[in-house]
Each structure stands twice: as structure tokens, then as C-alpha cells.
Amino acid sequence: MVNVGVLGATGMVGQRFIQLLENHPDFDVTALAASSRSAGKRYEDATTWYLAEEMPESVKDIVVTETSPEAMSNDVDIVFSSLPTDFAAKVEKEFAKDYVVASNASAHRMKKNIPLVIPEVNPEYLDMIEAQQKENNWDGFIVTNPNCSTIALTLSLKPIVDNFNIESIRVSTMQAVSGAGYNGVPSMAIVDNLVPYIGNEEEKMESETLHLLGDYDGSEVKPAQFKLSASCHRVPVIDGHTEAVFIDFDDDFDIEDVKSKMASFKGLPQKLNLFSAPENPVIVKEEEDRPQPRMDRNAGNGMSVTVGRVRKDQVFDNSLKYVLVGHNTIRGAAGASVLNAELINDKIL
Amino acid sequence: MVNVGVLGATGMVGQRFIQLLENHPDFDVTALAASSRSAGKRYEDATTWYLAEEMPESVKDIVVTETSPEAMSNDVDIVFSSLPTDFAAKVEKEFAKDYVVASNASAHRMKKNIPLVIPEVNPEYLDMIEAQQKENNWDGFIVTNPNCSTIALTLSLKPIVDNFNIESIRVSTMQAVSGAGYNGVPSMAIVDNLVPYIGNEEEKMESETLHLLGDYDGSEVKPAQFKLSASCHRVPVIDGHTEAVFIDFDDDFDIEDVKSKMASFKGLPQKLNLFSAPENPVIVKEEEDRPQPRMDRNAGNGMSVTVGRVRKDQVFDNSLKYVLVGHNTIRGAAGASVLNAELINDKIL
Amino acid sequence: MVNVGVLGATGMVGQRFIQLLENHPDFDVTALAASSRSAGKRYEDATTWYLAEEMPESVKDIVVTETSPEAMSNDVDIVFSSLPTDFAAKVEKEFAKDYVVASNASAHRMKKNIPLVIPEVNPEYLDMIEAQQKENNWDGFIVTNPNCSTIALTLSLKPIVDNFNIESIRVSTMQAVSGAGYNGVPSMAIVDNLVPYIGNEEEKMESETLHLLGDYDGSEVKPAQFKLSASCHRVPVIDGHTEAVFIDFDDDFDIEDVKSKMASFKGLPQKLNLFSAPENPVIVKEEEDRPQPRMDRNAGNGMSVTVGRVRKDQVFDNSLKYVLVGHNTIRGAAGASVLNAELINDKIL
Amino acid sequence: MVNVGVLGATGMVGQRFIQLLENHPDFDVTALAASSRSAGKRYEDATTWYLAEEMPESVKDIVVTETSPEAMSNDVDIVFSSLPTDFAAKVEKEFAKDYVVASNASAHRMKKNIPLVIPEVNPEYLDMIEAQQKENNWDGFIVTNPNCSTIALTLSLKPIVDNFNIESIRVSTMQAVSGAGYNGVPSMAIVDNLVPYIGNEEEKMESETLHLLGDYDGSEVKPAQFKLSASCHRVPVIDGHTEAVFIDFDDDFDIEDVKSKMASFKGLPQKLNLFSAPENPVIVKEEEDRPQPRMDRNAGNGMSVTVGRVRKDQVFDNSLKYVLVGHNTIRGAAGASVLNAELINDKIL
């Protein structure tokens, strides 16, 4: 068993880490770090628990520490980070001197030699780690996962870019409120309403997706060459981001072929049989009114992306339209970091 | 005063007709038609009233009739129709022998010589009426308004197509539940959820918008030459459709120029000072998180379309992105027919 | 293994039956009956599946039959019924000639010699079965479970009535939309709204609760002697009924004693270790803002009732106030019938 | 015209004050105070406007001041306060030296010689003002209105206590999220959920209601002698509190008589024809599924309370049950203070 810690343990994504790591066959949560307000308290006393699943017994008595390498137990090997961006920018580097940092924060996602990884999509980016460690003289390293909306989109795109030539993409999102954290979206803002703006979300989707689907030549990432434009919106849904995708292909294509490539897609985590890897990273629904967030967000224990309405555009030639749903705090956040750590544990540690 | 009737008077759009026509300076509701289940009853007794606004006193005692020209009072000049498509296809023609039919139904929208009109956009299509009457040997005629999502989109596009060259459009909608009628969307389908499918909605948007923005040469309509593809979704909002719009222009453009053209746009209803005409058909918001359906649907008494996030696409050259909100049962349905009737009353009757 | 059938198999409670019976150690679903519209089709083809949990593979190929004993397979022993009241009134009796009918319908709940049972509360009412069979000359019999709101309330009351003297109860409910069936509550009725009326619900709570907590003397039920008045309301929650309870005791009481009796309560299903029996029928929360339906409805796999805010009334002497949450389609419907069947299977069959 | 100021002008109730005072025939908003963060800015620049109604033009250019009498313009006569309790406790007294303070804050509601008033219920409590001024040596004074849930309940009770003898009351509330302020209830807490706890709400209802319905003998208030117990809950509704009321009478009563007394109830504001006074303080609905917050909250411009399901309890003798809806930020907050000020302006100033 590998001892792991969670940074930002009392927050919503921190709680998801703890919930997903309960009964994990390889990882054992032994350290929890949070703000100084929580430090020194038992985790159960320090935390307002937000998830419908019960708080695991195994973490209740862990005493929360400050978020610094000095306060972290030596016998921990991996720390999962759901720290706020600004704080992550500084503190994750300090942890990387001695720990593997599997981070859901955006601070280091696009930095040179820091792998931004979805295990089914670009596991080869982990090769950056050696350069990262050498450059910084670190014993540990940082690995990051993308933004929640990006992960779901990119997973659905991977079997397409592997088999077809994409020219351009437009995507319009309908995102769940949990993506903004527990206090992020006031009910006054969202009951009988939606908010057509999420700060920095469009920029992240537009850059991270191309980065993930690019080529790493051993020295740097050459982003994918198609173009992607996003419009991001918040809707009154608790969990599960929905995205309407418009894709222009270079050439004509067979729609059944597209669906078949999506449905049969397997990545490295499936081959390695990693614990959190869903059997099918992409599930294709044929019902005309699916996917729906409440119905499909938990597919594959929240680790699959469900697509539906996969259809040829009736107006634009060589164009595809579909809708996807992915669980934003599982596959789109905590589960993404955990799967990254499982891959690292299997291949590197 | 012109006496008017409402066909489908007990339904949700029928109720909106009645509410909007209360205290109308030119129209007096004197006849209400509905299914045989309601016929013979006082309107108040026949109707489960769905609107937060009170049922107008003036209609409570009107005895509901069957939906046929024979049952309709002779002193009525205009009938407003919110009939179901199949029934409208047949019965609106019968009414057109003697009555002006201002219809919100989709049955005749794309038919030759039947004007599909938004008064600010294509009032000249009313010129079809003469041919329609002659061809059918009717004393009355049918005029139609577009689908709710189409109206809001087309109003926002009109100042753009008048001043710039559009190459193509993608639009992704987030539509209110009232668009499906009172019993259309079960709460089980939409609480903590969304439904990424609305039957025939994408097809209507894709065809009607081009038809409205086309040219009528006195004989037939040549649709606009750009392409438009839609993806339509239902969200947990009572009233107010939201649409995310991606537009490719032929050439570069100035974003302030686009906003200015939208904000200053006036159409014929504004020039004629029609009763239901909003001062500004298109309202441009500068706040980064607007428009929102609960906040903006009632702008211009529900007859304005509010746009926001009007911005240059950061990825695609010569491309524009914005978000719009329009009230789907006022500007998108009953109010659209009423404004058509006001224009007809001013110009033709 | 006992072969079981489900009557009303395509409806919402019917689907819950199928979901709860998946992987059941004693019951094997081998027959599914529904309306003639579905009869003759594979279950998967006949059904719009409403649950977020996937349809079990084992039922997909079962051919749906008409709802009559003649159409039911002979090797079935127990049929679960979620039929509409009127139809249940007639057809459950026909099934009872040969089958054990475990019914969630209200048709026979208050009938003489037909046990209305919550296994933790009044298992002794099953003694009525002998008289029922004799009187009707049936080989099978009918056993019923109460209305969803009643079950949750009565479970929470049982440890109280066993240990204290209750004088009177007022209860105000906030009920989930799933209680009305998939199409029962239109979204237009409940988004940003609530409906302060549920047909017959108050009457059922007021009579069934006293019946369940009464005494069966071997011949008839003498209802409990306290009084209970209910006010029932529908709120925008998918699953999980919440109830605010006001109880007047005859005498003073110790609040910690009440909580302790609730938390430690065990019934016959717990002693018999029945498969669907929750470890704790009543869970007591100390957090000031619990129970909440989204957080607590799935406690004990949806078979526990969670109470909170258990407090002495600050105004009335000898009075108690608390709030409860119970899952209305699991413990309040399908799970209730299944637990009844498990008890019958253990004690009678 | 009387010049008025608003304290807490940028908050949600502060915005309601401004919206309700737009076009007021007697009051002219000339001063706006808020926190030091806003002071010195134009109101439009200092404020995130939360209401669907547009910000009145007349206030946009008013420069916000600090919340102190020194910063307040001398030509103001009345200040409306929606300050947080702790701050109100101190600063309202300072304002009272020179200004009439019409407060929605709870700080001084139950204090000796400070009138807690609903104009239709206990206008005679304004007689306390003389003693208040004398005791404190103030030129101004403080008048308060009750908590939002209390106002709606008490208005509905007034015609009952005037005509019948009440023994005891239980009330269970379903309260809108706006009652907690814009950021008060996170969407994560309330979508597909409810929260069965509102801090101090039950205590306020239990004490304020009896105080309002008591007797003022010229020296102190003797509270009403019946007992009232509350259970308070938050539901996913934007505006409009709903309350289920159980009342025990001393004697038998005629249900039509109760309804008639409620429906015909008029108070002093109606007699004086005050600007914000609704024609009917209490509206009685006969439809079995009303009142509903989305449908009934705006009755009487948000100043009426709508009751429905007024019925005899079928279980308890001499008992009444009904459900009420009142707009919590209009009649329950800003509108209450404005009506108090109108009464004071008519009778005292």
C-alpha cells in the first residue's frame, strides 16, 4: 500500500478524493492538509461534509495538518492536490521536492515539462517527468489533470482524432454547480435561471484540449492543429457537465463508424486494468434524449463519459454533432487525479 | 376596436394571448374557442389558469365555443391560433375563408404565399397575402410567426445581416420548460437534470431562420444563403430561452460596431409605434454574466431580446460569439402573433 | 430461490421493484406484467427506463404479459403489485387465489383480514392471513404496505410509542415529485414553486398510521388511540419525503432518552437478518441542518428513516418536535413490499 | 415629498426598498448608505443589482455614503434600515437621535417602547413612540417590522383572533431562498433538496407573533395568551414563503365564517388608503392546490397574503388548518417597512 495525502482536504474536491480513495486497493489515505483554520483538528471536526456518501470511518480521526511539506508525514509518497490556483502555484512546487503531486489545480497545467495527462489520451506525456525532476533538482514531481469540461470533451474526442481528421470544433457547455465549489453558485443565481459565464473556463477548454491531443516529441508539446472555440454556461444541475459539440471534419465520414470507434475505444488504463479505469471510457447511447446529467453522470462509477445524439450535421457537409455528459467532480476532478496516480504507481513508482 | 378570437384558448399560449390582449387599445377579445370538452362552459370554469398574472375579468364569462368557423361569432375579424400542428393544418384554412388568422402554429409557416413574419425583420412578406387570397378564393388569410427559438435568434441576427456578411452560424439552445406546454416536461425529467433533445426544434430553427432572412421577390422566398446548424436542449427554467450563438463572418469586423448596430436596431413596429412593439427589439448587456433568463426574459414587456457576451471569437478569425435570451411564450409565441396582427391592422385592415 | 413477478412492471415503482430485486439472494424475477400496450414485448422494448441505475440485464429479455393470473407463469410464487388503485382493487383478489400478493397499492390496505404491515412495526398482523385465506377460499393471499409518507412517519414513531405515551401528533410533509409517478408533477408546477396539496394523502396518513400502531387481537385491529393530523405538500425534490413532526406526550420526557430509543431501535427484520433490512431502521442525526432529502434518502440503501432536530418544544409542555426523511420509492414503496415478502418468505412460505 | 434614505442599500432588501420606492407619491429616495467598501461610489457602480426589475434611473447617480448619521444628508426625514442585526443594534440608535428609523432589522423588535408594527394588525403600538423619544431624549425614533415569516402568519391570524378564541397554533414553514440574502443559500444546498433549519427563525416566529397580537396598555405589551410553536424549513423557491398552519380553537366554529372574516378583513392602511396598502390584506383561494409561491407571491403587488385549503381539521375537534403564501422580501421585509413609514407619515409626521 502507498500512503497518500490530500491537500485541500476539507473542500468539495478534497472530499471526493477521500470518498474515491475509500477501500482503494493500492492507496491508503494517511495525511490530510487544509487551511490553518482546520489544522490541529480531527478531520471529522474540521469538516462540513458535503457528499451524500457517508464520510469514511478511516479518515475521521486523522488530525488535519497545515498545507506544507514540513507538516506532511514522511511516510507519504503521493499527495493529491485540490488547492486554489494561486496557492497551488507556490506550494505544489515545494511538495514536489519530495513528493509525487497529483494535482487537479490549474496552476501548472500548461507549464513546460509538467505533464497534463488523461491516462486514456496521452499517457506518454509522463515522459516529461525525468526532465522536470532534473531541471528542478526534485526527488518528487508534479503531474496534472485538465479542467473538468476539458476532460470530458477530450475523452470523447480521442477516438475521433485517432481515426478521422478534424478541422474545427465548437462546443457549448451546460455545467453543474458543483464545479464552482460548495459556495460557488448562490441558489438566487440559478433557481429558474442559468448563468452564461464561467470565469476562464472557455480559455482553459480552448488551450488544454489541443495540448492534450498534441504531440510530445521528448522535449515539448506541439498542440493539435485543429481549432476549438467554447461557450460556457452554468445550469441548475448538481453534478454532471453536459456539452453540445459541433465538429467539422476534413472529409466525409460514416456516422456508424464514428459511433463504433467511440464505443470500442480503450486506453492504457483499460489495458493495465487500473482500479479506477472504467470498462468503457466512452459510452454511446442511442436513445434520442440521452445523455442526461442525472441519469448518466454516474456511468462507470463516474469515470465514463456518455455521448448521445451522435449524428451527421444536416446543414454543414462533413460535420458531426453530438452531446456528452461527464461527472465533473469524479472523472472531471478527483477521479482524474486518482487515475493519474494509479498510472504513475503502475509505471513509474 | 377590432373584435378578436382565440383558438386554443385554454392552453398555455392561449392564456398568454388573453393576458397580452387585456387592456389592448385596438383589440377586444370577444370569442374563445377550445376543444369540445370545454365548449359550452364559461371560460373561467373551463380553464385551469397557469399564469401568475390573474385571469382578466373580461374573459371569465365568455362562453367557450368549438373550434370551427361556424361556431365563431360573425363580428370577429381576427383569430389568434395556438392550435396543435395537426389540427391547425386543417382548421386554420377553414377560418381563413372569412377571418384573418394570426397563427403561432407551425403547420403553415413554410407554405407558399403564407407569410412567416417577424414585423421587425420581414414585414414585406405580408405582400404574399394578396396572392394567398386569390389562389384560395379566401376573404381572410393566414399569417404565421416562427418557432420561439427562431424568433429570438432571428431578431438578434437582423441588425447583423443588414450590416455584415454572414457565412455560417452554429447555435446551441437552453430552452425553458414552458415551451413544451404545461404538461410537456415532467418534473422527474428536469429537476437536477436537462434533456438534450426537443423534437423537430433543430429543423425548425435551421429552416425558418433562413426563410425569414431571405428575399421575397413578389412570387417566392429565396432563403438567406448562409448556413445555420442548431443543437437544442431543455433546461430547468420556467420561461425564457437562452441561446449560445457562434457566427462566422466573411470578413473582419469591429466588435463595437456589431454591438452598436444591435443596440440601435429599430424595425417597422417601432416606426409605426405599434402597441406591443418594444422600444428596443434587441438590448445589449455589457455585464459579463448576462443575459440570464430569470433576469432578462421580461425586458420590453417580454418583447425584447437581450444579448450579452458579444465578443470576438479568440480562436476563429472573423468570428463572433454571443448569448441571447428571449421570452418564449411572449415574444416567442403569443406576443409574436399579436404584433403581427397589430401590423396587419395598421397596414392592411 | 423463489420465482417472483412484478405487476405494473413498466411504471416507476415497478422499475424500483426490478432494481431492488437484482441480485436478491432469495427472489428471482421471472415474470413481468403490464398493460396490454406492453404485453408481448421484451421488457427492454416495452419500457422507458426512469432510474439512474441501469436496467438489470436479467429482465431485458423477459416478455411482458397481460396483468391477469391466467397470463402469469405457474412457477411464480410471489407477485409484487404497484398497480393503480382502481385496477388493484379488482385484480389483486384474482391473483390472491393462487399467489402471494405483496402490494404497494392502497386498494386493500384498510380491509379486514388483509394485513397492512411494516415488518419492524407490526409483523404480528401477518396472523390475519389465515383468516383471509379461509374467508375467501384462497390458496394465496394479499399483504400490503402503507403509503410512502406513512411508512417513514410510522417507523420513526414506533420506538416512541413503545416507550412513551403519545397524546397527539401534527405532521407537515414536504414530498418528492417521484411519489406522483414519472408524469405526475409537471415541471411547470414545481420549478421555483411548491404545491400544497396531494390528493388523499392526508387521509391515508391519518388512518394508516393509527392502524399500523394499533393492536390486532386475532380478529380485528383496534387502532392506536392518539390523534394525528396531517398537512401534505409537494416540493421540487426528486426522491425523499421530508416531514416535520409535532408530538404531544401525556407526560414529561427526557429528550436524550427519546433519541436513544430511536437510534437503538431494532425490529424483527433486523433480528431475522432479512436481506433488505437496514441495520438501523431509524438513524438519528445531531447536525442542526439535517436530515436533508438529497443527503439522507439513501441511508441504509434507502431503507432507513433519518431523523434530526429531535428537540423539546420550547412552547408546549411535554411536546417533541423533529424532522424526518425517508426514501419514498424505496422504503416508502417497492422496498417496503420486498421487505414484507422477505418476512413472509422467512416465516410463512 | 419626504426625503428618505436607505441603510444597507446595496443588499437584497435594500434593493427592494429602492424598487418599491420608485415612483412613490410621498417618498423620494435621496440618500443611500452602505459599507465603507461602497461609500464614495455612484450607486450603480457600487451595486450588483439582483432584481429582475430594472434599477431605477433616479438612484443610479446617488453617491453612496457610510452608514452613520454624520454622513447622512440633513434634509432626509426617514431612513429605512435593512442592516445586519449586530450593526443595526448600535447604529439605528444613533440615527434615531435625529431621524425616523423604519427598520426591517431584528435588533430592536422586542425592546420596550420600540413599536413592532404591522399596520393592519397593531397600529396602536405607535403610541410607544412618545415614551421612546422621551426616555432616550431623541428627536427621531425607531419603528420596526417583524420577521418575514411572522408577518405573513400574523396578517392571516388577525381576522381570526378578532373573531374567535385561539388556544394554540403549530406552524410549519417552507421558506424561499431570498430570505437568506443573495449569497445565503448555496445552490449545492438546495437543488433537489431542502434544508430543515433556519437559524433563530422559529424563536422569532414564536415570540413576535404573540407580541404583535397582544395588548399595549400605554406602558407595556402584554403578549397574546395562546401558544405558538414553529418548525422552519428552506425550500428551492426564489421568493414567497409558504406556511402550513394548524390552529386549535377554544370552541367550535363555522368554516365559512372563518373564510369570510379573512377575505373581508381590512385594516387601518386600507381605511387610510395608504399607497402601499393592498386592497385585501388576506386573499382566500378556493382552488384545492393553492396558494403556491410562484403563482401567489405577487398578489396585491406582493403586499397581500394568500391563504388556501382553509378547512376544518378532520381529526381534532375545534381545529382549523390552512396554508398561506406571502412575499418574503416585499410584505415580509421592505414593503413592511415602507407601509410602516406611510402610516407614520400619515398619522405622526
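Going by the order they are written in, the chains are A, B, C and D; count residues from 1 in each one.
The criterion applied here is as follows: contacts are C-beta pairs under 8 Å (C-beta built on N, C-alpha and C of every residue); 3 or more make two chains touch, one makes a residue touch a chain.
All of these numbers come straight from a predicted model, not from anything done at the bench.
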Contact-richer chain pair [B-D vs A-D]: A-D
Among the chains here, which has the CA centroid at the largest distance from chain B's centroid? C
Whole-angstrom distance, CA centroid of chain B to CA centroid of chain D, is 40
What whole-number Å value describes the gap between the mean CA coordinates of chain A and chain D? 47
Would you pick out the residues of chain D that each touch at least 2 other chains? 191-192, 236-238, 294-295
Residues of chain C touching chain A in their complex? 52, 191-192, 238, 294-296, 298
List of chain D residues in touch with chain A within their complex: 12, 50, 177-178, 182-192, 236-238
Partner chain B, residues of chain A touching it in the complex: 168, 170, 172, 174, 189, 192-197, 202-203, 206, 227-229, 231, 233, 235-238, 242, 244, 246, 288-295, 308-309, 313-316, 319, 321, 323
